[in-house]
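Just below sit the structures, each encoded as structure tokens.
After this come two complexes, each holding chain A, first together with chain B and then together with chain C.
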Partner chain A sequence: MTDIKGQVDALPGTDPRAPLLQINDLHVEFHTRDGVAKAVNGASFWLNPGETLAILGESGCGKSVTAQAIMGILETPPAHITQGEVRYRGVDLLKLPEAQRRKVRANRIAMIFQDALSALNPVYSVGFQLAELFRVHRGMSRGDARKRAVELLDQVRIPGAKSRVHDYPHQFSGGMRQRVMIAMALALDPEVLIADEPTTALDVTVQAQIMGLLAELRRERNMGLVLITHDMGVVADVADRISVMYAGRVVEEAPVYDIYARPGHPYTRALLESIPRLDLKGQQLSVIQGLPPALTDIPAGCAFHPRCRYAKDPCRQDPAPPAYSIAPHRTARCHFFREVLGE
Partner chain B sequence: MFRYIVRRLLQMILTFFGATFVVFALMFANQDDPIQALAGEKPVSDNVRAVLTERYHLDESFPVQYWYYMKGLLTGDLGRSMAGRDIGEMLSGAWPVTLKLSALAIVVAALIAITAGVWSAIRRGGFFDNSTLLMTLLLLAVPIVVLAPVAQLVFAMELRWFPATTTARAGLYDLLLPAVVLACSVMATQLRVTRTSVVENLRADYVRTARAKGLTPRRVTWVHVLRNSLIPVITLIGVDLGMLMSGAIIVEEVFNIPGVGFNLARGIRAEDGPLVVGFVSVLVVVFLVVNLVVDLLYAALDPRIRYE
Partner chain C sequence: MSDVVLQTRSLVKHFKSRDGAVRAVDGVDLQLRRGETLGVVGESGCGKSTLAKLLVGLEKPTSGAIAVRGQDMVRLKGGDLRRARRNIQMVMQDPYTSLNPRMTVGDIIGEPFEIHSDVVPKGKRRQAVQDLLDTVGLNPDHAGRYPHQFSGGQRQRIGIARALALKPEILVCDEPVSALDVSIQAQVINLLERLQDDFGLSYIFIAHDLSVVRHIADRVAVMYLGKIVEQGHDVAIYDQPTHPYTQALISAVPVPDPRLRGRRDQIVLEGDVPSPADPPSGCRFRTRCWKSQHVCGEQEPVLQIRERSPHPSACHFAEVRRVR
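Right, the complex of A and B next:
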């Protein structure tokens, strides 16, 4: 059994005081036939141990691509990381050779995906897919690895783990399947868990159970959790901080309470207003006018300006608004954040 | 599962009778004067003609002939060829070498097709992918009637790497050249299907998960992607068995391998009805059984497939 964690710690540049995970000015482009799609345009955020950061945004805003860039599982080509850093405990993962990068995956930073049915391999039993991690990364024997797989299924509260370990993904219900995914991600005790829309494919009661389980496991293990979602309702209960993404950029970052109380960016504000609320029953639900920009043709200046009711001339011109510090631990990329906050 | 197999076996019986009936009818329609064909240029005496006509019921109507034939078949008696040899014995003499030849051809074809198919899928658009595309087009364009004698000429006669002809006791190496020729007839499609299937599966979500698990690209491809990609390929291999059988008739003839195809070719030329029908009946059974096995293999490859 090799000490993989030790090897990662021994990497030059590991800084115990650095944040657990820090993304700086990340740019990802997709080279397609229709031109260059700029999926991520300078995303930046950080994460501390035991903390839950929610990344919020509409589909196509670059949240999943950011997650996959952190994991290093983007398909290249067509995807290219053109700029930026992904620092894990101070070490820039983008500069690591692939063999070392591979040891970071699942061991240090793990990920769960939206649709567990397609994300699990249909032709292998869940026991095989869990045990594989221990056999490949820990050099365990088949039998020992199988025992650990049962323990894991137990930990994610799957009833009858001992017999269910032999079952195939299609034999599980949606919620149970997502638990299997979570078990797989937690197998090697990672310090960072990235959950990409973990409950989108589930019905509401099961959603709550899965979110509860994630929050519980995060507490038990003092993990950093990056929760990617488009659902503001999901975020409110579990997240500590929120990064709102639009057109591949983090437009607002704030502690969860502050952002719900007083959004600092027009986009965040519009998102909050589009949540159906009981006290506004009978009134027309407000929607955000227009569509998110095509990633091949992102507007100059602030990417949100064509849909923004606060937009004025400076918004339409490059450079894009900088990350204004609008309060302690809060930033917003809006020239007129005072107006947005003040209303 | 059990019920499924029983149902399939019952279907097989129907198919078997249908197929033998068609073959029997074809041979019957094709027959001109089988007794003269047997004797060749020599004249046949009336006495001999009468005896042979009696033995093979040649003066009876088609249904009666078929009835006699079926009666023999169901009691395990395949009858005698026009030359007077016991067909059951001929078959048991011819099968081993054909079995060896076709098994070798299947293995050669599948090994090359799957390995090269996966490789070109991983490096699609690259040099290897484009050259295999060219090779497969070439293989598809050249029929086995051309390929077999050319391979014999080049590799056996000129280069002398392989023997040009073999006997019934041929070893695996003796059969390698004809097996490769036979494999070429099915390899191209198998390769293309493997490639397409792997390309499709490489885009699947579970591949992303496997990569996120920190597995090596090799393990992702050969453990996770391959098994998912094999299902259409296995189907094709089952169907290809028919191709191999017809190919074997030519290959065995060219390389002088005294197997099933070799005997069948002789029988067709000699208008030897009982021989042809007997041999084809057995081929039909083999084809049906192999395809049943292929269907059962799906369930082993893909747990989502269950037979009720």
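Right, the complex of A and C next:
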């Protein structure tokens, strides 16, 4: 398998010692009627093999756009990557010609989406859609490709894979459909899987099944997993490290245990405090005042300052706070991180 | 018990379909007291939204009774029905589609006054709308704006203001915060709690998010395939669940505390919810249940207090299991 893979999609310049995935200072803008919307304003993070990195944030924070930029599936226009690097094993994907880029997609980096029904083609059987991958990327025969499709459905624990391979997407339940999409993403053995809100549309009991499956597959394949989500419960359950995004920036980055125990950015802290908790029943939930900023009009300085209870003068002035190193493997973009940490 | 404001008896709603009937709500008995919040939880397809629509009269029950302050809503007609319905109003899930984009916010909130014209005299309606906006924490001067000029959380406040227009005693909230971001969710939950205190409102609070329900509800009913399978005070349901489905449901909710990872008693259910058009015989949960035995397929368990369940549970083998 590996030698076929090396042959099919050799990528010049890869350095096995370089990080699996490294995003540096990524900027993405959308040109809209209302002006330039700055969806991503200098996002940086990295990912190691076998690791789960959660990108946590609310709607409009730029987490999905970042994922699409990594995959190279941003619609351009209106979106433009104006700055930054997306390095896979040291190779900057943003500099590759489109033909090379296509080979990276699915082969090296694959993605699953929130809504499996609209991500799958309704007029082809799932078996056909899976087999197509092997025929196009691996040049397999129809029969062999079909066989691999059944194996894959079996690997994502779809009962009766042999007969279900002939079914169409609408014949699957929400959870099963999500499994089909996972099978499709894993078909070509990628080293990185980006999961964009993979369980948001699912019920909790099904969510537990899918998150369990993803964790198992990640372990089996030593795959790097980027989990994009707004759900702090899911993150606490599966992530190794977290990058918290706000208004297009990673405002805090930390190992999962540290961030829940002692958040270093006021936004992270406020998010954690706004979750309904057992011991606070009957009390008012603490809220974050106001709304996230419009991306066409991001506040100067720290984008969070209008909603922040720690904000002081320096926060309102450019430049935005740098990523302070606040502890080993931890950064926070807040001038007053010591106060937030409670030191 | 005079403080019961809402009661249903054997409430049933079947929808006709090509292959028989979808049994969306299949025999629901519940009671809501004044000033109380009853949480209804369950997964998609369990019938919780149909139940909401039945309660506010947007759907007609196939059989059974709904009493609001002792008045049978199913039998009432004409002006009597209209007056009775003022008492029970609804807050919808999606603040983006439940507000007419071509109406101003003032018209949306004031529309109930047009229909129930004797509640507020014409000359005072403008003021009433402004008061409502103020009550839900919006700027009264914004009555002339359109829904798209507001954020999701603000739109949900508009929906709440509209529901409050006729001074109801009961609000049926169908997933009122699920479309909102966490930080906005907290604002709307706090608002609902404040309104409850200020106006003595009773809530039916329907949601799939168990931690939100736990925060706001006094009592909780767990639904599965059109039936309530367990019901009790919030502490009973969350800390001493006795129905296997409730146990699985609670254990599946991720806890925002990484220290508990791998140390929680997690029950991962096999398979999906069966079709409500063709529910399993006997206990409807038996196809996914690890306790299922012969009797479960033969005999439908009744929702009742049992030897090992101090609160009503619809399981032959009901037994307390702490799952977190």
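In this section, the second predicted complex is superposed on the first by the 331 of 343 C-alpha atoms of A that agree within 3 Å, B and C clash if a C-alpha of one lies under 4 Å from a C-alpha of the other, contacts with A are read in each partner's own complex, and residues count from 1 in each chain.
Just so it is clear, a residue touches a chain if its C-beta (ideal position, glycine included) is under 8 Å from a C-beta of that chain, and two chains touch if they have at least 3 such contacts.
Model, not experiment: these values are computed from the prediction.
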{"item": "Joint occupancy of chain A by chain B and chain C, clash or fit", "value": "fit"}
{"item": "Which superposed partner A:113 touches (first chain B, second chain C, both, neither)", "value": "first"}
{"item": "Touching partner for A:236 - first (chain B), second (chain C), both, neither", "value": "second"}
{"item": "Superposed model, chain A: greater residue contact from chain B or chain C", "value": "C"}
{"item": "Degrees between the directions from chain A toward chain B and toward chain C, using C-alpha centres, nearest 10", "value": "80"}
{"item": "Partner chain in contact with A:123 - chain B first, chain C second, else both or neither", "value": "first"}
{"item": "Touching partner for A:291 - first (chain B), second (chain C), both, neither", "value": "second"}
{"item": "Contacts of A:59 with chain B and chain C, given as first, second, both or neither", "value": "second"}
{"item": "Minimum Cα separation, chain C to chain B, after superposition on A (Å)", "value": "8"}
{"item": "Footprint overlap on chain A, comparing chain B with chain C", "value": "none"}
{"item": "Chain A to chain B touching residues, read off their complex", "value": "68, 71, 73, 102-107, 110-111, 113, 115, 118-125, 132-133, 136-137, 168, 170, 181, 184"}
{"item": "Chain B residues within the chain A interface of the complex", "value": "204-206, 208-216, 219, 224, 227-228, 301-304"}
{"item": "Parts of chain A lying in touch with chain C, wherever the complex brings them together", "value": "58-59, 159, 173-176, 203-209, 211-212, 230-237, 239, 256-257, 260, 270-272, 274-278, 280-281, 284-288, 291-292"}
{"item": "Residue numbers on chain C that touch chain A, as the complex places them", "value": "43-44, 151, 153, 181-187, 189-190, 193, 208, 210-212, 214-216, 234, 248-249, 252-261, 266, 268-269, 271-273"}
